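You will see chain A twice below: alongside chain B first, and alongside chain C after that.
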Partner chain A sequence: MKLLPQSILETDSVTKYFGGIRALYNVSIKVAEGSITGIIGPNGAGKTTLFKIIAGFLKPTKGRVFFEGERIDGKPPHEVALRGIAFTFQVPRGLPKMTVIDNIIAALGGYWYRGIGFIRTRTRRNIVDKAYTIAEKVGLEEYTERLAEELPLGLQKRLEIARALALEPKLVMLDEPAAGMSAEEAEELKQLIKSLNREGVTIMLIEHNVPFAVELSDYMYVLHYGEILSEGKPDEVVSDKKVIDAYLGAGYARG
Partner chain B sequence: MGRAGQVNLGQAAFVGVGAMTSAILATKYNLSFWVCLPAAAIVSFIIGSLIGVISIRLRHDFLAITTIGFNFIVVYIFLYYELFGASYGIIGIPKPLIMGLKIRGFAYALLSWAILGLAILLARYLDRSWMGIAFESIREDEDVSESIGINVKKFKVLAFAVGAMYGGIAGSLLAHFKGYIVYSDFSFPYSIMILSMSIVGGIDTIAGAIAGSFIVIMLPEIFRPLMEYRMIMYSALIIVMLFVRPQGLLGRESIVLEKIRAILIETEKTR
Partner chain C sequence: MVSIETLVQHLVSGLTVGSIYAATALGLTLVYGLLKVLHIAHAGVYVIGGYAAYLAYISTGSILLAIAAAAIVPAIAGIILAKILYMPMLEKPRHIPLMLSIAAFLLIEELIANIFGHHPKGFHIEGIPTEPIDIGGITLRPSSLIVVPVTILATLALWLAYSKTKMGIASQALVQDMEVAQALGVNMPYIVYVNFAIGSILAGIAGLLYAVHYGSISPYMGDIVAYKALVVIVLGGFGSIVGALVGGLVLGVAEEVLTSYLGYILPREAYAFIVLILLLIIRPQGLFGRAE
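The block that comes next holds the complex of A and B.
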């Protein structure tokens, strides 16, 4: 097995209970800096819960989360975001009554939201220019003045990615980015994710669309009933008998 | 009110805090209006942030109820403590002086307009600041706001405090204008009046707030015979507006502004 470069994110035996329901149990993962790490698994396996714990929206019942060697579990989401972890929601959630460009500008404010920097104006030329550059990067340049809620689903997902990029993140977590997309849209999205990764952004990906995740990922984890069932390189993982039995079904290996 | 999606139904209490601050400083410590006004703004800002911190977990109707409760508490504090004039009120609040001249009557109106002008400029500036976009973003979706690095709690408290500060400034102007204030000037019905102003004019825009105040203040003057039924009129006005035009006359997506814009575009074309 290829020696993994230094990990940017690590979870150490993360366990999460919702009342009596066990959502995650002893989940320890390592995300290598500069990699695309995929997390697959059936519905209810705890994938989104894991993302929410990393992003600070949920506190783990047990276990720790490290980002660049520092503990981040229990920190509020805005602090995690400002440290360089961006994430997109499973069902696109934007700032619906704001324009596309304002959505991006809002996410550019990270630095100014601290202390009393918030009294600075946000309409300065270089900030607006930056926002347009990001819109162009994700292919939203024709929609900058439209309200976020008017965009079709595929473009709303792009807007989520644009907002994530505005944070200048080191790690981007994408929650089912290809869900509900046509084959064509999914292909475009794949290219976008690859190009971001080439620029040095570490990507974490939750997917139901297994071929999509297999093609993109350098390393994969399979979550099943809140536990890690298997991990390894994508082709190793999808040929793992445990994974085929529990999740993929015999059809996947044959096909 | 409205910018960060928080409703304050006890705004009269903050007007009262500003008015009392000004009145006490002016009558007990002989400080001039020019000191009292900023002091009123600062005190109401601080009390506003305290209330903001206490009610941070509350949203929507629960926040609204809490602010109503706060209004009643403040009024009773004014009534029971000698410092605030108790049931007699505070009398002899001096008029502001400019170069030794007392400002009264029309000059006072000019002064108020000038301060209103400054307040509008400040509000417009804040609208264009990062704070403005943080408020807007929080009103749209708190989780998304957190995910892009906005400290939602901090900005919600700030929004509350800024709203309270504006109330405090209004209170200070009121105290020095009337020269006499008493606890009942700041009771809950006045909060309803303020609410009807922002609903009629349009919640969440500056132009809406100002237009609403004019309309709500002028209506009883025009229909003087109906003066006794003022509160019924305000309440009816709120209900009618919410049914017919919930975004207010000059709120976002307002028909009045759309019409004006359409006319402007037409005249552009015909030229």
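The block that comes next holds the complex of A and C.
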């Protein structure tokens, strides 16, 4: 079955059980091409489980996932990655003992990891050039020779994004990108996400930080105990009584 | 009095035994790097290599076919072990695949003993002289001239493959972080199987080298390798290719020299562990391992 082209990613009634524990139940979301789609919800709502199912690290117990109209649930992670879905981890997980530029170079390797032949010098040069372009795009051009582990958290998150971009993805899933950041770092990150989106990358954002997600998202879903509690434009969602009662608390609408 | 000639003789003899340790440890170090599991069944793959070469040789008389058998049969065995023992257990605590691996090793040994008999089988390859030869006053077993260079060349080839090829870079990425590597497009199962195949070919060749050196094979020839290869990868540093080679050679030489000059106050194996303990006191991460 082919889906309408406007949604690049769609989950259809995705349910996931871990043993007897229900992590997700009948989750159906649509991510419009070119949008920033936010998924908010408290800890344990199933946000990361949903990400992992989309990325291919987990198989849904029930339900289907479509990317560009084709089913991807159950496909191995590397195949999902090479189709154009990249993601960042909540806690930055670069290659800590390597420099920033080497991290990006390693990420660019996605294209030549296939096969077992020797790496040509020309390929290597192209990759290095590309890596510097990406470093510049995410604002890491001054830190290319630093070890990944020496960077402050805000910059490590940028490196995560750089690594995701190295795949030249159509969709980037960001797992709590603003977690642990100072207000200033979060603001800079917001600008970065906006500028990437303007360049045509579809963004899917998992956020705990509601104002951050509200400001960025074109469309939002609220996950609560593994189910979609509400969806819509950000201002509609945060004024939805169900969302206020279950998640935001009475203070949010007033504050 | 220690003469230079006898010292060199002991060194060469130690290097020869050490080469066999190293060749088996290489596969172990590859698997440990990727899956963080001690692949004890690797010693079984080594026995399989010895017997595959033996069967190919006695039925055809061709040394080339014996080498091919020592490579191909273990490669298949290694991939099967990876598929049934390790891949389904990726999410389980690491002691579970370890126990399965020990069980698989014992099973392989006993299967071979039941099929081919418990006793060692003579395995002499024609054209390789068994009589010691004399080079400038140093008496050498001719097999040393095959075993040591083959192992060193194999290690160099492996090192080259890991640092210069796509497969090698993909393996390194998996070793650093399996999930991140997959998110970057690395086909994890494929790379794991390639690694098992390569490691198992080395173990099989080591099984053949054992036969070349000792002139026989036995179903239990893997017993010593099972734990010596562990000593070697601890000595060399977990996951390091060069470490496995150097660790193997150091262990072989240390055993040989210590037993020759101190005598058998302690069994050979005890010297191996004394060397290990001393080294770990000085350098806990092993010779080529990275400190955490």
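A few points about this structure:
In the analysis below, the second predicted complex is superposed on the first by the 242 of 255 C-alpha atoms of A that agree within 3 Å, B and C clash if a C-alpha of one lies under 4 Å from a C-alpha of the other, contacts with A are read in each partner's own complex, and residues count from 1 in each chain.
Definition applied: a residue touches a chain if its C-beta (ideal position, glycine included) is under 8 Å from a C-beta of that chain, and two chains touch if they have at least 3 such contacts.
Every value quoted in this text rests on a predicted model; they were computed, and no experiment measured them.
Look at chain A after the overlay: chain B and chain C clash there. When the two complexes are overlaid on their common chain A, residue A:I161 makes contact with neither chain B nor chain C.
By the touch criterion defined above, A:V65 lies against neither chain B nor chain C after alignment on the C-alpha atoms of chain A.
In the superposition on chain A, A:D102 makes contact with chain B only, not with chain C.
Touch criterion met: A:F57 reaches chain B and chain C at once.
Shared contact residues of chain A with chain B and chain C: 55-57, 76-78, 81-82, 86-87, 89, 93-95, 97, 106-107, 109-110, 112-113, 117-119, 163, 166-167. By the touch rule above, chain A contacts chain C in their complex via residues 55-57, 76-79, 81-82, 86-87, 89, 93-95, 97, 106-107, 109-119, 163, 166-167. Against chain A, in their complex, chain C makes its touches with residues 164-167, 169-170, 173, 176-177, 179-180, 182-189, 194, 290. Across the interface of their complex, chain B is touched by residues 55-57, 76-78, 81-82, 86-87, 89, 93-98, 102, 105-107, 109-110, 112-113, 117-123, 163, 166-167 of chain A.
By the touch criterion given at the top, residues 125-126, 128-134, 136-137, 140-141, 143-152, 155, 158, 252 of chain B touch chain A in their complex.
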